[in-house]
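Attaching a single structure in structure tokens format; questions to follow.
Labels run A, B, C and D following the written order; every chain starts at residue 1.
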Amino acid sequence: MSLSEAATVHSTAPASHPVRIATIGAGRIGSNHAEIVARLIPGASLVAVSDPVGESAQRLATALGAPIATATVDDVLTSDEVDAVLITAPARSHTDLVVAAAAAGKHVFVEKPMAVTLADADRAIAAAADAGIVLQVGFNRRFAPGFAAARAAIDAQKVGTPQLLRSLTRDPGPYTADPARVPQWTIFLETLIHDFDTLCFLNPGARPVRVHAVADALVRPDAKSSGHLDTAVVTVQFDNGAIATAEASFSALYGYDVRAEVFGSGGMITAGSGLSTDMTYYGPDGLHADTARRDTDLLHSAYVGELTAFVDAIRTHTPAVVTGHDARTALSIALAAVRSVETGSAVDLDR
Amino acid sequence: MSLSEAATVHSTAPASHPVRIATIGAGRIGSNHAEIVARLIPGASLVAVSDPVGESAQRLATALGAPIATATVDDVLTSDEVDAVLITAPARSHTDLVVAAAAAGKHVFVEKPMAVTLADADRAIAAAADAGIVLQVGFNRRFAPGFAAARAAIDAQKVGTPQLLRSLTRDPGPYTADPARVPQWTIFLETLIHDFDTLCFLNPGARPVRVHAVADALVRPDAKSSGHLDTAVVTVQFDNGAIATAEASFSALYGYDVRAEVFGSGGMITAGSGLSTDMTYYGPDGLHADTARRDTDLLHSAYVGELTAFVDAIRTHTPAVVTGHDARTALSIALAAVRSVETGSAVDLDR
Amino acid sequence: MSLSEAATVHSTAPASHPVRIATIGAGRIGSNHAEIVARLIPGASLVAVSDPVGESAQRLATALGAPIATATVDDVLTSDEVDAVLITAPARSHTDLVVAAAAAGKHVFVEKPMAVTLADADRAIAAAADAGIVLQVGFNRRFAPGFAAARAAIDAQKVGTPQLLRSLTRDPGPYTADPARVPQWTIFLETLIHDFDTLCFLNPGARPVRVHAVADALVRPDAKSSGHLDTAVVTVQFDNGAIATAEASFSALYGYDVRAEVFGSGGMITAGSGLSTDMTYYGPDGLHADTARRDTDLLHSAYVGELTAFVDAIRTHTPAVVTGHDARTALSIALAAVRSVETGSAVDLDR
Amino acid sequence: MSLSEAATVHSTAPASHPVRIATIGAGRIGSNHAEIVARLIPGASLVAVSDPVGESAQRLATALGAPIATATVDDVLTSDEVDAVLITAPARSHTDLVVAAAAAGKHVFVEKPMAVTLADADRAIAAAADAGIVLQVGFNRRFAPGFAAARAAIDAQKVGTPQLLRSLTRDPGPYTADPARVPQWTIFLETLIHDFDTLCFLNPGARPVRVHAVADALVRPDAKSSGHLDTAVVTVQFDNGAIATAEASFSALYGYDVRAEVFGSGGMITAGSGLSTDMTYYGPDGLHADTARRDTDLLHSAYVGELTAFVDAIRTHTPAVVTGHDARTALSIALAAVRSVETGSAVDLDR
């Protein structure tokens, strides 16, 4: 007798109940997440793809072997085959989708921003709490190895009390989006929202209290009159005294650039390098190294990490590691930054 | 009607015929490979685990959801449920397992060294050819991002003609193995075999022609009398004039260290950094960064890459990208290095 | 006949008229500059050292072979043996000394800040212009190899139009000064003044137009009530749209840290590493590298460079490369930062 | 009374007896050294320049303000105005010049190689000992900050017992010398001699015992038939078990490359980076940094350091820190490497 029978009993147990996941949105990030779920997350399976463009849904489902493709979100939310959803639809639809999914009893992974108003953030948080579902927000940087190691070092008291922080996001250029189709304040609500969360993540236990922001249209000066801002610097003060800077640009010619720095009474930590491999080339013009061009390359392991954490939280009935409250905090900074640009003054955050 | 039905037709097609893989050997590397196959390789499934220690096989199969666990290789080779095997058994058994697996019509991924004599290497190559199977050898470094990028740059003529090469392997210390249980010449046949292949990989089209080796027992001087060598430097000359150095130690206190350098008429390329993340810490003692401690960390993406390539070769009926001939070439260098140490002289390789 | 006689005629010509320099102030930086002049600047000789503490002056003069040591500035300014002075006295005395030296016809190298009010800055500039002397300000970073290379790359259009800049200064910790003896606003007027100049230097041709500052006592919270600020972040907007951040701390445990970053439409440049040599150590705890502990180590070649430039300007009758106008511009930012902290609002700079 | 008079008494004392130095050879390195002595070494003055091409001597003397220029070495050796000489003449004349200078009672700094036969090395050592002069050899790398820090770390037991070492020299390309004018074995006797000394320097207290060398004409294959070798790899074994590799090429397109690595029971140290500043540029093609093109740039502070040490040894009547014995040891390795190439076998060094 081989050992296989006994083994079978045990080994099929966890595998027989994978978390069945549907993705809502089959765009660039939706496809990235769907592929990760389908291929790289133990204990998860991709069972459905939804996108208003039915063809996109079908193409992605086919490619990844997901049995269901649909143009209708309801098909996903009412399906008994779906345990959890990944919301990667346009940002302004996120809250409604979170609330609907929670009402349907589906666990939710929602791309940032979870909401663009505090009322909506509260609505999403309440819906998740009422439904008792796992609600995780897509602040991917927390799962990037360098950023996670930074936080571990901070927790280990390597930097002492944080005093000066910096987080930046520069999207790869050249910038090709149509400014007319970019919602106003996107740089704060969708781009810098990552940095606002990163600053909180790397200053654990501290609360943001005051925000000053400067923004301009330096990449597309022609679009400034229509309110399109593509370059910004935000100063955030925390209640432990730390002063932080968040910085963003929509167009970095050298690729996707995501970095952080934390300086404190005990030392300094940096995270993020932007390099794509550890290969270096020395040629007639000097040293050269390749840079990462896309977030899905630079942050691949972060994406895998956050989706693994989401599935683990569902399987182990533990709270999400990035919560709706984290999203609300980052949003409160973003909204204060918007107000700061509008008024030209620093803005105090409510308690 | 949802789009799911049409989608189903297409999407289940590839998924319905995954490559069914058994691992022969459930030790450290066997477990690593089995987990990668079970979780991270699209188009593959882990169906069996074999290990002479039945408990080890069962434990691994259970953990990864593989339906078959067995203490007998024959169970695997005779099973209709198995398309391909990963051979991670002790090195000296590799050739016989390759030959048996090929005879059984199973595709083979064999850890290095495929063989420890040229006759065995030829026997493995012939068996694979006769059976028409895919035979891939576990020279993982070819798939490490930095090394792959190095080769791409070399192919793009960035370094011109290679003139000086270097490849090194330093296993993480402190060294805890029992020298009495380490077969003689392991440093050449099992450790530096990686570097010999790397040198050939980074000097494409060139043939090694002459080898000089120096080796000693510097980590465990007490074991030298029994023939245990733990430190070595090998000089390899190629027919395009390039002079290469391969270097190994069994005990690097700072972790697993795998690097290469290629210098040529057009410039220089380096690959490998040894750092585990892009986090840096500046403290009272200066700059600090973490190093990788295990090959399975440092080379994780390389392991995924080589197993993905193996599965792809099977699925697309294309030749393996690392062949038995590559293994034979690296072995010929290793055997010449052994002879060089024995004789104290440089050794010419036969044509 | 040897060739020496003819040679003598030519070779002694330049050497026979070195620029004769006196240093006013024999403290830490005064001593550093005096030693550089005495030993490392071709075409210069240190002829006098002045310090109110006569013993200090004498000790330094003795050590460096300067014939004159005096406790009285007048001795220096009235001496026929002195062509130029280095003003390294306490900051608040700088302007008066510049004016007096100019009136005496001496060329002036003045440590930053040249002045702490705009009226004083104008007074110094006018005095130098009236006297026709060379007036150079000690913005050393312009001469640090990495910063100079950054500017050269910017001039070569490598970054296109600057959009986001950063400059930081962190003094080596732990902080040991007595807060009661540190003049108010020192962090802006004496520390960040370097960064304000660096930002202008790396954004050539642009004019600062708006300043927002945040500052706190995070290193010595106990001294906050007396107005001692040791940590600050300043946002500076320029008329070419660029948004810059300047950041300072009085206490970096890992050493002296001076860096800059310029991001623009064409790419990014960084300058400054903080490492003291190119030696790296990999030990049981990972990678380690030493950091520079003192400005006089990290910026040694910058100090030599700026003093060489000063002497060259005198010898070649060319304008100083860092002028009183540069000092005034940096000061205008510093004063706006002070006002911003006082008012909590951003401050516009006058045209 | 000012303090200047008293000061004068003390301060002129050391300055009144500078070490008066003549340079023998006004070529590229001779000029470099002469300029350093003239400008950058406290307590030294350049009093004479000698070169068989009188015009070269005169031009250099004029530029540096040296009173004596001559085409005749005797003028220098018989001059009462000269305390010490820098020998930067062609390599094969070094020994005779050392002996002659020692006989004339002049302290000697001689560029490597001090000798090209062991008999000559002994002759030079004996001449210096007989005359009681300081004899220092130009192994500049010992004074490069990274290499010096490496040695300090080794002395501090950071790497434990050295087991594997590497030192390399790559001259900046493209190679423009006329092979017909390059003496045979130059790559060992004049280039790798640096690396042989570096390996001894970084393995303190150990003695080289066995050498194996491989060399070829890869830069100028057309010149191989005339014995011109431009690429080499040498393996050196030491009596403490350490195995070292020295590697050289005459043509590195990316600039001058000088690096070392020491691996031992406690960790690893690397020295040398090849980068010219700490500036980095991120552009459309990725990361870029400038490399040093000339030894006189990359090793400038090493040149200053070694000449400062030479002058200090003379002034303080202490032994040279790099001795004739060091030169002899490096030479013994070089000569063994020559013999190894001639015979194709490893060569044992005599005790």
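We adopt the following convention: a contact is a pair of C-beta atoms (placed from the backbone, for glycine too) under 8 Å apart; a residue touches a chain by one contact, two chains touch by 3 or more.
Being a predicted model, the structure only gives us computed values, none of them experimental.
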* Asked: Measuring centre to centre with C-alpha atoms, which chain is farthest from subunit D?
  -> A
* Would you say B-D or B-C is joined by more C-beta pairs in contact? -> B-D
* subunit C-subunit D separation of Cα centroids, rounded to whole Å -> 36
* Separation of mean Cα positions, subunit C and subunit B [Å, integer] -> 56
* CA centroid of subunit B to CA centroid of subunit D, Å -> 43
* To do: Give the residues of subunit D that touch two or more other chains, as numbers and ranges in rising order.
  => 252-254, 257, 266-268, 275, 282-284, 290
* **Residues of subunit D defined as touching subunit A within the complex** => 252-255, 257, 274-275, 282-291
* Complex contacts: residues of subunit B adjacent to subunit D -> 161, 163-164, 166, 170, 210, 212, 214, 216, 218-219, 221, 231-233, 235, 237, 241-243, 245, 247, 249, 251-254, 257, 263, 265-268, 344-346
* Asked: Which of the residues in subunit C end up touching subunit D in this complex?
  -> 2-4, 6-8, 10-12, 14-15, 38-40, 42, 48-49, 54, 57-58, 61-72, 75, 145-150, 153, 158-159, 266-273, 275-284, 290
